[in-house]
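So that you can tell them apart, the chains are marked A, B, C, D and E in the order they are listed, and the count of residues begins at 1 in each.
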Amino acid sequence: MAVLRSRGDGLFARASVIPLALRLLSIGPVLILVLLAVLFSLLTPNFLKPGNLGNIAAQTAVIAIVAIGQHLVILTRGIDLSVGANLALATVIGGLVFRSFDSAILVMLAMLLSGSAVGAVNGLVYVFGRLPHPFIITLASLSICRGLALELAIGHTTMRGMPELITTIGGASTFGVPNSLFVVLIVTGLAVLMAKAMVWGRWIYAVGGNPQAALGMGIPVRAVLVSTYVISGLCAGIGAIMLAGRTAASSPLYGNLLELDTIAAVIIGGASFLGGRGHIGHALVGAVMIGVIRNALNLLNVDVFFQMIALGLIIVMAVEADVLRNHLEARARVVQASRTQ
Amino acid sequence: DEKIKIGFITKFPVPFFTIMEDAAKAYAKAHPEVEITFGQGTSATDIEGQIALIESMVTQGVKGIALTPVDPTVAPALDKAIAAGVKVVLMDNNIPDWQGRTALATTDNYNAGKIAGEYLKSVLKEGDTLGILEGVPGVPALDDRVNGMLEGLKGVNVKIVGRGTTKCTEELGISVAEDLLTANPHLKSIYAACGPPAAGAAQAIKNAGIANDAIVLVGFDFCCGEEEALTAGIEDASVAQFPAKMSERGVDALVKAIRGEKVESLIDSGAALVTKENMAQFK
Amino acid sequence: MTEAPAAPVLAVRHAQKHFGAVHALKDVSIEAYRGEVLALLGDNGAGKSTLVKCISGIHPLDEGEIVLDGQVVAIRSPAAARRVGVETVYQDLALFDNLTPAQNFYCGREIAFPAWLPQGLRFLRGRAMDQEAAAVIERLKVKLPKFDAPVALMSGGQRQAIAVARATVFARKVVILDEPTAALGVRESRKVLDLIVQLRAEGNAVILITHNMEHVIELADRAVVLRQGRKVGEMKPDRDNQRKLVALIVGAEV
Amino acid sequence: MAVLRSRGDGLFARASVIPLALRLLSIGPVLILVLLAVLFSLLTPNFLKPGNLGNIAAQTAVIAIVAIGQHLVILTRGIDLSVGANLALATVIGGLVFRSFDSAILVMLAMLLSGSAVGAVNGLVYVFGRLPHPFIITLASLSICRGLALELAIGHTTMRGMPELITTIGGASTFGVPNSLFVVLIVTGLAVLMAKAMVWGRWIYAVGGNPQAALGMGIPVRAVLVSTYVISGLCAGIGAIMLAGRTAASSPLYGNLLELDTIAAVIIGGASFLGGRGHIGHALVGAVMIGVIRNALNLLNVDVFFQMIALGLIIVMAVEADVLRNHLEARARVVQASRTQ
Amino acid sequence: MTEAPAAPVLAVRHAQKHFGAVHALKDVSIEAYRGEVLALLGDNGAGKSTLVKCISGIHPLDEGEIVLDGQVVAIRSPAAARRVGVETVYQDLALFDNLTPAQNFYCGREIAFPAWLPQGLRFLRGRAMDQEAAAVIERLKVKLPKFDAPVALMSGGQRQAIAVARATVFARKVVILDEPTAALGVRESRKVLDLIVQLRAEGNAVILITHNMEHVIELADRAVVLRQGRKVGEMKPDRDNQRKLVALIVGAEV
């Protein structure tokens, strides 16, 4: 054989192992999630209880939905720091509408509109203000939305009560499965459809891959950019419905640090800040991973401060494990290719 | 016989809640049949985190939950717990219009704020100026401390020259206090709705070289450096709650309720004015 | 074929372009006719790519006008240029590293349905695009390692072939090729030259930028020479005046 | 003249205006800062009081120093989300050291070491763990540092007292000028020197400009990357000294959201997430801009919630003004060039 | 000059390289001698750039060995390659868009003082670097618009000239040039060819990748042909066997 022999070949010494290994390794970050779940279910019997799985779904729903919008933004090399405050503002506006009209449809519409409107402002100011990066406008938007939400909610800090349809969507279950899970699946499905099957989704990847070339090819870059912020805002609006439904209330304090959680979910799912890379579905995996870790730490009764430490450690280890998985997958492919020559 | 397993959930990591946790731990030590599982959120606005904690306590099969609600919107999660047969005792703040609790152990923040206001009224004159260092805007308990203070102050016509938000941090407390002092060089008084910004304001007064007597500083919580500020004479008074008492009596009520005994539905652990003279008894 | 028809399909008049203190185009005028290959020659930094980018809507002209089929047009964006029939292969390629060859090929011009929806909202016909793109690239005789992998990691020539193939397929009126054979092998270059002949035969005006004199003499019906942003000459290139042409380019005495 | 005449020429119709305009426009974001200061001093006479300028300096010092480290990281296309928690941990460790040894030097050393050590871990895990982006590791590090700080400070969350040298550095003034201002200027000066005059600084720009090419040219890319995180951590340590000195205390809750403030300062100063662009000094300008706006809003006695809204609006407008300034500068250059032909 | 000296300065033996399922190098062996220009020829995607990148430490070889001056070496990084005397101009250029020409020129090799400090901690001699870089680029007869502006916005040829100039200045043993004249004008190409002759005269082994047969015949002492990752031939190129060489490249019958 060779002088410069690559590491990793040893692992695949028996030819029969390779197809199986490749099969396993190529399922991506999901593999890491499954491994985590197995680990936690060994550590605490409560983890796999049906009720707990429902809890995880409900706890993760908001992060997952908002992460999907965030992912579209990140695909275009952007960032949306306003999602958490946007969500809070949407719940407050929904709550105010509910005070005047007892209509679930109107309340939901108000939340969706509020969310999308903030997204539209983000996108429009970013694009037509020729700002060098969306960081500043969405950070400003975070501050403005939070301030507005507090201002609007003044005197009635927490507005209790939501129409029944909304509490059913956000808080109830059907056959033991939380309804929010269905919403997450529908939103993810639609997003994947748009991103992969529609021209508009292709344009998002193109703009993220090479913004200048996208301009050169006549893609309406500005419209594409604005649209991703609108969708991210819309997702925040959907998240607002879910959270308002789950808590049967609205509050200007909701969604604290949601921006960091969603960005982390997207990056854990394998997207890149350099744009144009990453499968939408993986954001869901990232969100669930964060949800699972938090839930397990709660179940394991880990001391509060140590929870913060453990959360950090486990997230890094999960991402590190995915790096390793990628590496092994590449090795397995090389070995397979050279065997089948 | 079987252990009584309960959950004890506090808002976020500051000394106040640490004291509550310690008191609960002491209670569990004194009552071996009680097993307490602890949980805490990460910040004053970590609503979703507290909901997740409630849910996982229920999953773990606790019989009761003692909780300092971070926000009234955790009520539906508590309703679900109650539906699963879990008893709930609230501590520190109430959830208005929510009927599910077995008992409430609290300092009424509004009334406690009033104590501070009444103290200010006693030392300020007509036309004096006051700057307010607010806590976390939108958090009811902290807003109540300001509103209660204003209520207590009624009667003398004191001019409010500024209100700044401090998020209950010393860093922002010192900055906002500095700016208050710049905008109003002859400021007569400062009220801080939590401990850390009160300590920050004391530091700002000290850094600015203002005489201790020239300005009245009133804090809240008697924690986080207020003791030193009171000793040094920069801070004039604070309002102390009794977190340990609150926690112990709350847990006790919860345990009794689980055993099926009858408990008081309102336990007021009270609040008191702390000054340099009487501070020894509040440590 | 060397006889130019009466009216130019594309004319640039008195173009001026500055980049900060750099004066990249100084009062340049050119005309391109249907069924003709116009070679745009000049040293490095002469302003060739700049002129091309102004025509195709990437840069606005500081002064001057662009005339298409006799009408003064304002080409404000590359999309507008493509709409009025100007197709361009840029020197710096403009490929999407994260997309496959077929996706690159059709980017901005996707085959999609249903037709009654605006383009952005239509659904992609992935299979159709893959097949057609493969057929066109095949014609250029370039072998791609995998057709479903992103182009990021392909060789220099493979990338250039994709870019050239893309422009030629969508050509309608004017095709601009900025050094299309620079990275290509002998055989692949030949294929591109064949393609250019074909584009001309189909009635397009072809503007070709190249440093390869052989190609110019073989193909070009007319050559315009730029030097330091100024148009310094225009001639019909052939073997006899090759030396004169080179002298014009480098600015030496003949 | 021309058919397609560019906008903006009109402004410069009189030739004599151009050199002056160019002079003014080319001073960069500082111009916007000056305009803001003029505006605020018109709105409130307190703004320009010497005491207030001192306050601004003291209030901005921590953001400014940490922003400089952040800027180095961003120059290499990275991000450091851990700075705030890192600073808090450093103050706590300093406070613990102070309980055992009454030595200002030891306390300061402990804070600097703690800060740099966290930075080193960030850099090493990022580089040698082959993570796709530093977002995850520094986010994890945020969580871990905050947890550790809380754990270490348990029972005495805020530890009062700091050695006199430290309170002098962080809280006192010399001839009416806050000492923290001197520290900021020294740190900025050193950073500019390193970034512009030293080989290592050139390498940082090279790695940010084209990481692959940097590898190809034989630049020790990994060492350069790690070094920027170490320096960012070191700056957090210096920030810890300043804040502990100013408050004469240490607390695990310090530095909340400092990561967002510092990144905003860097971006306002004109750097790009795409790396390799931006002058270190501009991060200082960005930090001061944030400090000035916050201070002015306090002085103007703006209502709490409206402050959040105003902060967001003013920051966006300041960045937008800089975009306009850039545009005008480019136009002025073109006009000048075409006049002087 | 065509007579190769006894021992090769660089030898690659039985090199194998896969990229996933793409088998880019199949048992390739080449040798390069001091004072000789070796042309590396092949169609697009033949594996030329891959071979070069393996030699210069960008990719590790899957199998095979690299021998330098008779010793098997493990070139683990580009820095290592530069250290043992292998200087490379990559096809994809590897310029720093945000740096000026002079900064690009000396990147990784800055002139700095004081000498007793490790390189990273030394202080830059900006003036000296500017002057020397300007002089070298001047030799290539390329005009740069501004010497103190980032190279991001320079023309294709200007960029290539900077990259080539950089490699030639630092050459010590082996210089590899991957399509160095692809974007260059007539005059600038001439200058690069002159430079290559000079490098050879100075005793370097030069490995030249190009698709320009004229250049190969004019300059190369020996040519190695790759086809689809395999070495398919080696010959001394001249006018007489030019057709044979092309046939070898494209894989046709002679």
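Everything below uses one rule, namely that a residue touches a chain if its C-beta (ideal position, glycine included) is under 8 Å from a C-beta of that chain, and two chains touch if they have at least 3 such contacts.
None of the values given here were measured: they were computed from a predicted structure.
Between chain B and chain C, the least number of touch steps comes to 2.
Contact tally for B-D versus A-E: the pair with more C-beta pairs in contact is B-D.
In this assembly, the C-alpha centroid of chain C lies 29 Å from the C-alpha centroid of chain E. Between chain B and chain E, the centres computed from C-alpha atoms are 71 Å apart. Our note on geometry: chain A versus chain C, Cα centroid distance of 42 Å, whole angstroms.
Centroids of chain C and chain D (each the mean of its C-alpha atoms) stand 46 Å apart.
Counting partners per residue, chain B has 13, 137 as the residues that reach two or more other chains. Looking at chain D, one finds that residues 150, 154, 304-305, 307 touch two or more other chains. Each of the following residues of chain E touches two or more other chains: 20-21.
The full set of touching chain pairs reads A-B, A-C, A-D, A-E, B-D, C-D, C-E, D-E. Residues 1-6, 330, 333-334, 337-338, 341 of chain A are the ones that touch chain E when the two sit in their complex. Those residues of chain C lying in contact with chain E across their complex are 19-22, 42-46, 49, 91-92, 142-146, 149, 153-158, 160-161, 179, 182-189, 211, 213, 228, 246, 249-250. By the touch criterion stated above, chain C contacts chain A in their complex at residues 56, 58, 77-83, 88, 90, 93-99, 103, 107-110, 112, 119-124. Only residues 44, 46, 49, 51-52, 55, 58-59, 62, 150, 154-158, 160-161, 171-172, 243, 246-249, 251-256, 294-295, 298-299, 301, 303-305, 307 of chain D touch chain B when the two sit together in their complex. The residues of chain D lying in touch with chain E in their complex are 197-200, 202-203, 205-206, 208-210, 212-220, 223, 276-277.
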